[in-house]
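Same chain, two partners: chain A is paired with chain B first, then with chain C.
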Partner chain A sequence: MTSTAMPARSRPARALTRRHHRRGWAFVAPFAAVFALTFVAPLVYAFGLSLFRDQAFFGGTVFVGLGNYTQALGDPKFWEAFGRVLLFLAVQVPIMLLLALVAAFAIDSARLHAAGFFRMVIFLPYAVPGVVAVLMWGFIYGDHFGLAADLNHLLGRDAVEPLSVNWILTSIGNIVTWEFVGYNMLIFYSALKVVPPDQIEAAAIDGAGALRTIVSVKLPAIRGAIVVATIFSIIGSFQLFNEPNILRTLAPNVITTYFTPNMYAYNLSFGGQQYNYSATVAIVMGVITAVIAYAVQLRGQRKER
Partner chain B sequence: MAPPRRHRVVAALAAALLSTAALAACGSPGSDPGSAKATGTQDAVDAALQAGGTITYWTWTPSAKAQVEAFEKEYPKVKVNLVNAGTGNDQYTKLQNAVKAGSGGPDVAQIEYQALPQFALTGALADLNQYGFGAFQKDYTASTWSSVNVGNGLYGLPQDSGPMALFYNKADFDKYGIAVPKTWDEYVDAAKKLHAADPTKFITSDTGDAGFTTSMIWQAGGHPFGTDGRNVKINLNDPGAQKWTKVWDQLVQGKLLSTVKGWSDDWYRALGDGTIATLVTGAWMPGVFKSSVTAGSGKWAVAPMPTYDGQPVSAENGGSAQSVLKQSQHPELAAAFVRWLNHGNGVKPFIASGGFPSTTADLNSPSFLDAADPYFGGQKVNQVLTAASGAVAKGWSYLPYQLYANSIYVDTVGKSYLNGTAIGDGLKAWQSALVDYGNQQGFTASAG
Partner chain C sequence: MSSVLRPRRSRTLTAVMALYLLYSLIPLVWLLISATKTQPDLLSTPGLSFGGTFALFDNIGSTFTYNNGIFLRWLGNTLLYVVVGAGGATVLATAAGYGLAKYRFRGRQAVFAVVLGAIAVPGTALAVPTFLLFSRLGLIDTPLAVILPSLISPFGLYLIWVYATDAIPDEMMEAARIDGAGELRIFLAVTLRQLAPGIVTVALFAVVATWNNYFLPLIMLSDPNWYPLTVGLNQWSSQAVGAAAQPIYHLVITGSLLTIVPLVIAFLFLQRFWQSGLTAGSVKQ
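Here is the complex of A and B:
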């Protein structure tokens, strides 16, 4: 995180601070109103939902307290979905961030011809709407009509099956990496841009080579950006939905209704009218995500000091 | 932050929570549908039609535009807002949300037969018996009429029907000297023969489809779903289901089925170029052939659905009714529109645009039966299809939560298709998931 040091507070300003407080609220009010309406209220509503069980046909709504939570914590479908995104996170996020870092360093190195062009091209996939990107990759993956089919035809056997059970997660990871390398590269690149040139000069005078400069100067300098990118990626992985949900039509039996936690919540609610349980799954997942993201942030900050 | 303020925040949160709880508590749908058989007369409906007004109609049938235009021409005082709110499940999701919210739904909606019990039982639909529509029973095929009656209520009028038949690529069959199968055993033999003659060709494509599965069990004489009030019985291992899986396991495990997904671009192409040689599907298929499989023109023909013992028997696959929503502000006018659509002058434009009706008079009219269809090489296909509609096995009913059932089909039976294991195992997993769900939703569901 780019933590700018707080200016030390001067002592004789008690009354002033209070007045500041009030004025501060006035500035925050527009944001706070929207925040309350679009963030806090739905959360509270979802939490309220999660304490009940509405029977879609007979019996009406009953208060079940934390019953839905105990059910969710013991739900093998939920944990299967969670395990899947965790695996996805563990493999895809490091690969994506590493690629983004390499790209950012290469563009920042000033040794690359047409750096602006590469920056643009690497970033471009992020500008493609997610749904369109998945549809496009779907056409490449398609084992009846896509590139995969052509390759198999060429090889004379079913060698490439991106939509099979064993490969589907990798295929989704490939799409997500393609989509977000550019975005993360831009975060890293802008952080690199503000590394003080005198530090780099000093390193050069001390005889550090390009690699040494990266490891000892640039990487520590952009640690904050790396932590931010990691947190974004963790959240993104846990919320995986678009890619599998769209590929479902191409790989119907491979991608189940509980392939990821978000898909599970979606299908519970819109396929099964289990709104209460769906809200519970969403909240449990939200809490897990928040805890992990917070842990990563704490760890990132600790190293910073 | 000072302690008192925190208390206030907590109090506000608690208040908000309580109010949402109260909201959630009062949102239970009407729980006692169709307890009394209400029969009325059509007078109110006729009066509403004369008075005029505006109604909204959700549908995805391609015939709707011509029908609405004809209706508005006949009744200029009535305005119909035609909305395509998505096909099948997409529309049901929106409809379900509108029902849950208590407003925002249409006055009239297209609802497939398999989805109708779900909407009827949740109190979303108006009982048309109150307008005297029960008198129309004699005008519809038995299977479609029983599909729109749930409990004692009449929750829509049937539009199209989908008695199943065997659509086969005659060019393929002739080329490889394969006889049109009359029994399922012959069908399996034909599958083997075709695939052996040309490994790129398959007898049909099936990657697991809930609607197809239930229709096949229906044809085999199975009655896996039984509902009596709150009691639901599910037996997806009954003799009918076993008969079907015995045949279909041979095709799935023998890798004799194409894995092209139904309704995909590739599927249409495969139907056109002969890689998929047959389709066992509903009588609405000719319309799809003509609009989306132009390359197959002149190659395809229609035969009765293969059976287990050679005796003609069929099942319904797909088909929809039009229903009046209970939340409609103009229920009489909505009912009048439904009556015109499916029991009046709306049927003609429906047939003209390729629809397969469910009214017996239209099904048996000479002009319908004797129409030679150039797409099918001049064959009088309606003779085969109308015969199929008379041969539909009796006594079938869908689950009152069939939509949910279909949505989790991929998680259970889909796995059998994926792994090439016995379909019966997948059906058992499906059954147990459905029993659990039924009990969670207030039914007394049990296996067997």
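Here is the complex of A and C:
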């Protein structure tokens, strides 16, 4: 959170008593109550579950301490899934954010014809439900009546196989990029709109061209927005689920039940009834995500100084 | 005026961006065209050309009547989850964000820290534990199981907090207090209007989140009568594979189109409000 461009805060009114302030709780209480039920309680409950294990022969559960965690950390399926989302993160997120940045700068530059139209259409995919986006792209990828099939027909050979082992991660990356470039573009664009015009003007007086102004004035000014978008994208990559899970119908042999950590946790619960271990995997993944998101935020803040 | 502030419009830049525009639009155009085809045409004609018969209205009719009109039921369920879930989320986030921004009570910092931390907790990582807890509480397979978790929007709270800090002067609240207004009355009569762009932004993003929600209802519901559109459409789609395969591609495609239309309309019509809300929110990022 930068302090640039923050309007002067109004002085707290003196007459406001402590009694008044305490009433603030009444506004926060409903949120806090539901938050406790749907955020805090599940986390606590999941942690409790993760300390136990089903007994194979006798039924019931037995306390195993951190046994499930040791198992998860040595579980090749978990690490395979983790490695896959890490690779996805390393490739897809930079591409998506770069496209979003370029689009935001282009729309903000006033050099574009019909900028408002561009802004709206590029944002449009965000309004498409993820499930519909995947179904749609799944059809397009398909060799029944998709555009991929048309393309192969045109080329006379199977040049494009979006649902094969080698292509599948790219195909998923394409869907996620298609869905979220517009959303990120809008975050950047909103931040660009509040860059003080005098800074841009000063750069112009110094003889800076459009590119130079972007690099030395606009980019630093929207660093906060870039950090926020990066954090959300990291979280999104780590919890990748919808796209591979829906595409699994079309490519059951390519997408395994442990394709991503989230799919693994889901299938442990709903395919294997291994609730205790499933809770453990979810917690491990949650902790890793939170730590990385926090690290990115710290790094982003440090650079601001 | 300098050239940076008033540059000439560039055809090259417009052309490059037009390529990206095509990428955004082609899947939607494909969907629109495909929704006009019969199932045999879908399988036999190229994706981006029309089929022999224009079957859009037949398809819409079949979508709504297939399987005793289950699609309509799913639409109703989605509306229920959106109105109660997203509506509730907006109310809770608005009240709490305002409370945190304008009152200095004990524990305020702690609440804020916890909520900000919650933004970093992946929603899907939370979903499996929530399922396990809710099944213990007997909430599984009821609308509440979908609605309760949708009521919390940490990001919405953050946005309103940022917005309220700047948009509502303490003096305005103080003047109302001197006039004898209670705290609730001040909130309802004085500040809600000031917060309107922020509220519309939070509401719209909450609507998108609940309208598009897939993972949560997928794990919470097993009775198709409670499915929202997203889970239902995927069920239709998976009918096409397996031993007793009954492909209804044309209905999946038309249903997908019908699912998109309301959201697109909402975004277009409320454009002015939510864009100003987002801009205000980004002042402080």
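We adopt the following convention: the second predicted complex is superposed on the first by the 274 of 305 C-alpha atoms of A that agree within 3 Å, B and C clash if a C-alpha of one lies under 4 Å from a C-alpha of the other, contacts with A are read in each partner's own complex, and residues count from 1 in each chain.
Just so we're on the same page, a residue touches a chain if its C-beta (ideal position, glycine included) is under 8 Å from a C-beta of that chain, and two chains touch if they have at least 3 such contacts.
Being a predicted model, the structure only gives us computed values, none of them experimental.
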**OP:** Applying the touch criterion given at the start, work out whether A:A110 contacts chain B, chain C, both or neither, answering first, second, both or neither.
**Re:** second
Original post:
Regarding the shared-chain residue A:Y258, is it in contact with chain B (first), chain C (second), both, or neither?
Top reply: first
Original post:
Between chain B (first) and chain C (second), which does A:V165 come into contact with in this model arrangement: first, second, both, or neither?
Top reply: first
Original post:
Is A:F27 in contact with chain B, with chain C, with both, or with neither (first, second, both, neither)?
Top reply: second
**OP:** Give one of first, second, both or neither to describe whether A:L49 is in contact with chain B, with chain C, with both, or with none.
**Re:** both
**OP:** Once the structures are superposed on A, label A:R299 by its partner contacts, choosing first (chain B), second (chain C), both or neither.
**Re:** neither
Subject >> Dominant toucher of chain A (residue count), chain B or chain C >> reply: C
**OP:** Kindly classify A:G271 by the partners it touches after superposition: chain B alone (first), chain C alone (second), both, or neither?
**Re:** first
Original post:
Common interface residues of chain A with chain B and chain C?
Top reply: 41, 45, 49, 144-145, 249-250, 252, 270
**OP:** Mind listing the chain A positions that touch chain B in their complex?
**Re:** 41, 44-45, 47-49, 51-61, 63, 142, 144-145, 165, 249-250, 252-258, 267, 270-274, 276
Original post:
Where on chain C is chain A touching in the complex?
Top reply: 2-11, 13-14, 16-17, 20-21, 23-25, 27-28, 30-31, 34, 42-48, 91-93, 95-96, 98-100, 102-108, 111, 114-115, 117-118, 120-126, 128-133, 136, 148-149, 151-152, 157, 165-166, 169-171, 173-174, 177-178, 183-184, 187, 208, 211-212, 214-215, 219, 229-231, 233-234, 237-238, 240-241, 249, 252-253, 256, 259-260, 263-264, 266-268, 271, 275, 278-279, 281-285
Original post:
If you look only at chain A, which of its residues touch chain C in the complex?
Top reply: 1-2, 5-7, 9-13, 15-16, 20-28, 30-32, 34-35, 37-39, 41-43, 45-46, 49, 99, 103, 106-107, 109-114, 118, 120-133, 135-140, 144-147, 149-150, 178, 181-182, 186-187, 190-191, 193-194, 197, 200-201, 203-205, 208-210, 213, 224-225, 227-228, 231, 235, 238-239, 241-242, 246, 249-250, 252, 262, 265-266, 269-270, 275, 278-279, 282-283, 285-286, 289-290, 293-294
Subject >> In the complex, chain B residues that touch chain A >> reply: 13, 16-17, 20-21, 23-25, 27-29, 31, 93, 96, 100, 121-122, 207-208, 230, 259-261, 264-266, 269, 400-401, 403-404, 407-408, 410-411, 414-415, 417-418, 437, 440-443
